[in-house]
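In what follows, structures are represented as C-alpha cells.
Below are two complexes that have subunit A in common, paired first with subunit B and then with subunit C.
Take a look at the complex of A and B:
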C-alpha cells in the first residue's frame, strides 16, 4: 500500500524531468535519425556515402586521437590537482577551487582567442622560454596538435578534478593511516589504496572528458592546424555550408553511437557501478 | 497590430505562470507555439544582419529610412545562419523575412528552394552593376586582399599581389589563408598567371597544383574571419588574406595593419526573401529600397563597400572611393557566384580532404 504510494509519488516527481528529456533530447535525437535516412526518399544513402568517404574516416580517427590525448593529459594533471586539493583545509580548498572552476565560467571562444596570446610565437610562454634559456626559435605550440590539446585541457580540467576530488574526500583516512602503521611508503599507499579506491571517480571523470571532447568544435578550429579537423567541424560543414543535412545527421548518429559504445564499455569494466556527479 | 498585442499579453501571461505554477514543461511546450504565433501575425519585417558596425550602418541607412517612408517597422537580427533559415522554411514557421548573406550561402539557399522569386514588378534592377539571379539580388561588393603589418613589413617587403604571396623566397613570412575553396582557388589561379578577367570557368586542376606549392608555407588556415586581422596584430602571422571591411575598422581603432589594394577579389553580398513569408510584398519593397542609388551611395560612405548601383557608385565621394573595392582595376577579379553555385559543394569537400593530407 505504502509502497504503491511511493511509486506514484516518484512518478509524479520524475514527470517534469522525463517530459523535459522527451521534448528536448529524445525528440531532437529522433528527428536527427529521421533526417539521416530521409534525404529525398527513405534510404541509407547518407551512411553509405560516409563509409566510402576518406574525409569522414580521417576526421573520425583524428577526433578520437585528440580526445584520448586530451583526456589522458587531463587525467594526469587533474588527478594531481585533486590530490593536492584533498589535502588542504576546507577553507583553503574553497579558495583553490575558484581557480579550478575559473575555466568553467569563461566563454570557450574568448579562451581560445586568449590562448593565441599565451601560446603563440610571440606569446608569454615562448618569450619566457627564450628569456630563460636565451633561445631564439620559438617552440610551435599554436595551430598544431599541442595547441588543441592544451586548449582542451583547460576546458576539461574541472570535469576531471571534481569527480576525483569528491571521491578522494570520501575515502576513509584510517585505511591510509593503517597502511602507514604497517610500514607502507607513500608510493605504495597511493598505488595500493588511494588509486584503486578512486577508480570510480576517475572513470566518471574520463567518461565526461571523453564525451565532451569528441564534440569539440571551437578549440580545434581556432587553435588547431590544418590536420586537426574534428567531427563537429565536419558536421558544421555539412549543416551550414553545403546544407547536406542527411550527411550531417548521419555523422552525428555515428558519433552518438560510438560515444554510447564507449560509455557502455567503460561501465562494464567497472561492473556497472559508475558514480556520476 | 491588435493581434500582436494580444500575443504579447499571452506571452507575458505565460511568463508569470512559469513563476507561480513552476510547471516548466508546460511552458516549454507552450513557448515555441507562442513565438511562432507572434512571428506569423507580426507585420514587422525581420532582416538578418552581421552585428557591430555593420548592424549600425544597415540600421541607419536602410532600415530606419525605410520605416520612415513606408511605416513598416524593420527588426535586424544578427548572426543569422543558413541552416536556421532552412529549418524555418521547412517547418513553415518563419521568423526571418529577408536574408542578407554572401554568395555561397545565398546560392546554396537558392538550390534548396529557400527563396521567393524576386518580384520584378517591385524590385528595379535596371541600375545594377551585377543584376543577380532570379531569386536574389546583389546589394554591394566587398573586397578581399593581402593584409600585413606595415610596422613589421614595410610596403615594399609585403606581398601586394597574389603572385607575391606565392613567392615565398622574395617575400619571406608566416602566411595565413582561409580554409574555404572559393576565393582561395581564384587566388591560386591568379598567382599562377591566369588573367583575372579570364578566370571562369576555373581551371580546377591547375588551381590545386598551385595550392600544392603554397601549402607547406601556410601556418594557419584561418576559420574565423576576425582572426585574419587579430593574427596579424598579435604577431602570429605576417601575411593573411583578409577584407578591407575588416582591416579598415582595425586601422581606425589604432591597430598596425594594412591591406594591399593593388589586387583584390571582389565578392557580392546579396539579399533574398524567405520562401512563404507573410510579408512578401513588404520584403520586396525593402529589397528595392536598398538598391536605390542614394541609399547605396550613403552606405558606401559609412562602411567600406562598393555600391552595386551604377548611379550610387558614381555618387560616392573620393574619400569613400579610397577604401572601396575597385571594379575598374584589371588586376582585380569579381567572384562568380553562379559558377560556385554549381561547384562549391564538391570542390569544398575536395579542398577539405586536401587540407587533411
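Take a look at the complex of A and C:
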C-alpha cells in the first residue's frame, strides 16, 4: 500500500479523537496547571501552601493507606479467584468470568449505594451476623475505613483477576507436574513455582489497582467517614467549599503526577523491561 | 524382586480404552522402552505409573510398594519431559537442588551432590546459569541430572529427545545410556522412534491399541516377531501371503502366490496343511539376480534401485503384484540390473520366518 496514503489515512482516522482529547482533556488539564500557578504570575504559592498544610499531608497519607489496603486485599482475593478460574475448563471459565466482570458493567454510583444497603447497621451482613452469633450490637461497616476498602475491592477485583489469570493460564503445566513427581507438596509448588512465575501478572495488577484507587472519589465520599477523605475529595473540598481554586488545582497536579508515575511503571512491566524474576 | 510390577492395568476414557489389562514386569536397573505409534497407550501407561492419572482398574507396584492409590509426590519417581520442564526462574543449581530441598537435605550436602551430578553430565560450569541460556540438549541433560540427584527408584522419560534435531538426538542417546549404566537407576523410556528404542533398551515393549504387541530384546523383536504388526513396525519387512503345503523335517514347505515353493523353519504355532500364513523375509536377508537359478526363483520387475551410501535398496514388483524389498551392500563396480528389467529374488530358508496370518 502507498505509504503517504497510509499516513493520510491514519491522520484522518485519528483526527476526531485527537480533536476531542485536545478540547476536553488537554485544554482543561492545561488550564488546571495555569490556575495552580495563579495564572500568568508563575506563583508557586499554592504548592508551598500544600507542603505546609497539615490537612493535605493527612489526606495524602490517607490516600496511600486506603489505596494500599484496598490493593492488598484485592490481591489476596483476586489471586485466589484467578487460581480457581485457571483450573476450570474453558467453557466453565467463560461462565465464571461473567461474575468477575459483573462489577465492571455496573455504575460505581449504583454499586456504592447498593453497599449502603448491604453493609448498614440493619444491612444484610449485620443481620446475618446477629442471627448466626446472637449478637445485638451491629458491627459498623459503613461510613468508615471498612466500607471504603470493601467498596474499592468490589470495583478493583476485575483489574487484578484479569492480569493474574492471564499469567496463570500461560504458565507451563508440566512444571507443576515435574515438581509433583519430585515429591513437592501443593504448598511448596505454589510458593516456589506458581507464585514466583506469576509475579509479572501480580505486579501489573497491583500497579493498575493502585493507579485506579489513588484517584477514588465516589467510594470514599459515599462509603467513608470524615477521616477517610482522599485526594479527589480534597480537590472537591477546595473547589466547592473554600473556593481556593489554585490549591485545588495544585492538588490535582500532584494526583496526576502520582498516577502518571504508576502508569509509567505499569507500561514498563507490560513491556517486559522490568526484571522481576 | 522386580522394580515395577504392573498387573492388569486398564484405563478407560468413556468408551475409549486407552490401556487394556496391561501387565509388565521391569527388573531393577533395567532400561525398558515403551515403543508404539501415537495413540497406542504408551504415554497413558507412563502417566499411570507416574501418578498423573488414576487407572480404571489394575495395580501398580513399585519397588515392592503398591502405589496404585498414592499421589504422584509420594511415589519417589523421577520424570523427564519432552519440553525439559526446568523452572525458568531458578538457576541450574537451584533447579537440581529443588528435589533435595523438598527432601530437607542439609545445605552442605546439597552443594556437594549438585556438584557431583553436574560433573556426571559433564557440565560443571553452568550452575549459576538460567535454563534459557542453555541449548535444548544441555537443558535435557540438566533435567536428567535433576532426576539422578535424588536417586529415585525409577526414572520415567516421556519422549525426552523429541524436540531435538537428529544429530543431537544420537549424541543424547549415547549420553542417556551412559548415565543409565553409571547410575544404575531403572529407566522406563517412551518413544515412537524405533531406532531410539532399539539402540538404548535392554528390552522393548511394543504397544498397539492399548495392548502389548510384544516384549523382548531388540534382537528378539527383530528376528522373532510374533505378528505381522511387530515385523512391520520394527525395521523393514517383506510379508508374502502363502499357503502351507507340507511339513518336511524341521521345515514347512509353503506355496507363494506365483506358484513358487519355499522351505521355511517350522514355527511355534500349529500349521495345518492348506492353511494360510505370512512368510517374512527381511530385505537384507534377500538377494537379487539377473537370471533365475536354484536359489533365485521368484520373478519380478526391478522398479527402482536406491543407493544409500553403503547400502543399495532394490524395489522389486513381483509377478504376483506384491512389492519386495532387497537390501544389499553397495560395492564399487558392482553391476546392477537395469530398471524395468526382469529380476529374480531369493533367500535362504533359515533367514525366513512364518507368521500367523490371523
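Throughout what follows, the second predicted complex is superposed on the first by the 221 of 277 C-alpha atoms of A that agree within 3 Å, B and C clash if a C-alpha of one lies under 4 Å from a C-alpha of the other, contacts with A are read in each partner's own complex, and residues count from 1 in each chain.
In the analysis below, a contact is a pair of C-beta atoms (placed from the backbone, for glycine too) under 8 Å apart; a residue touches a chain by one contact, two chains touch by 3 or more.
All figures in this text were calculated on a predicted structure; none of them were measured in a lab.
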Subunit B versus subunit C as contact partner of A:146, first or second or both or neither: neither
First, second, both or neither for A:184, with subunit B first and subunit C second: second
Touching partner for A:192 - first (subunit B), second (subunit C), both, neither: second
Partner chain in contact with A:77 - subunit B first, subunit C second, else both or neither: neither
Superposed model, subunit A: greater residue contact from subunit B or subunit C: B
Doubly contacted residues of subunit A, that is, touched by subunit B and again by subunit C: none
Residues on subunit A engaged by subunit C in the complex (per definition of touch): 172, 174-175, 177-185, 188, 192-193, 196-197, 277
Of subunit B, residues touching subunit A in the complex: 23-25, 28-29, 81-83, 86, 104, 108-109, 111-112, 174, 179, 218-221, 223-224, 227, 230-231, 234-236, 344-345, 348-349, 352-353, 355-356
Residues of subunit C touching subunit A in the complex: 50-52, 71-79, 81, 83, 85, 87-89, 98-99, 102-103, 146, 150, 156
In the complex with subunit B, residue positions of subunit A that touch it: 15-16, 19-20, 23-24, 54-55, 58-59, 62, 113, 116-117, 120-122, 142-143, 221-222, 225-227, 229, 237, 239-245
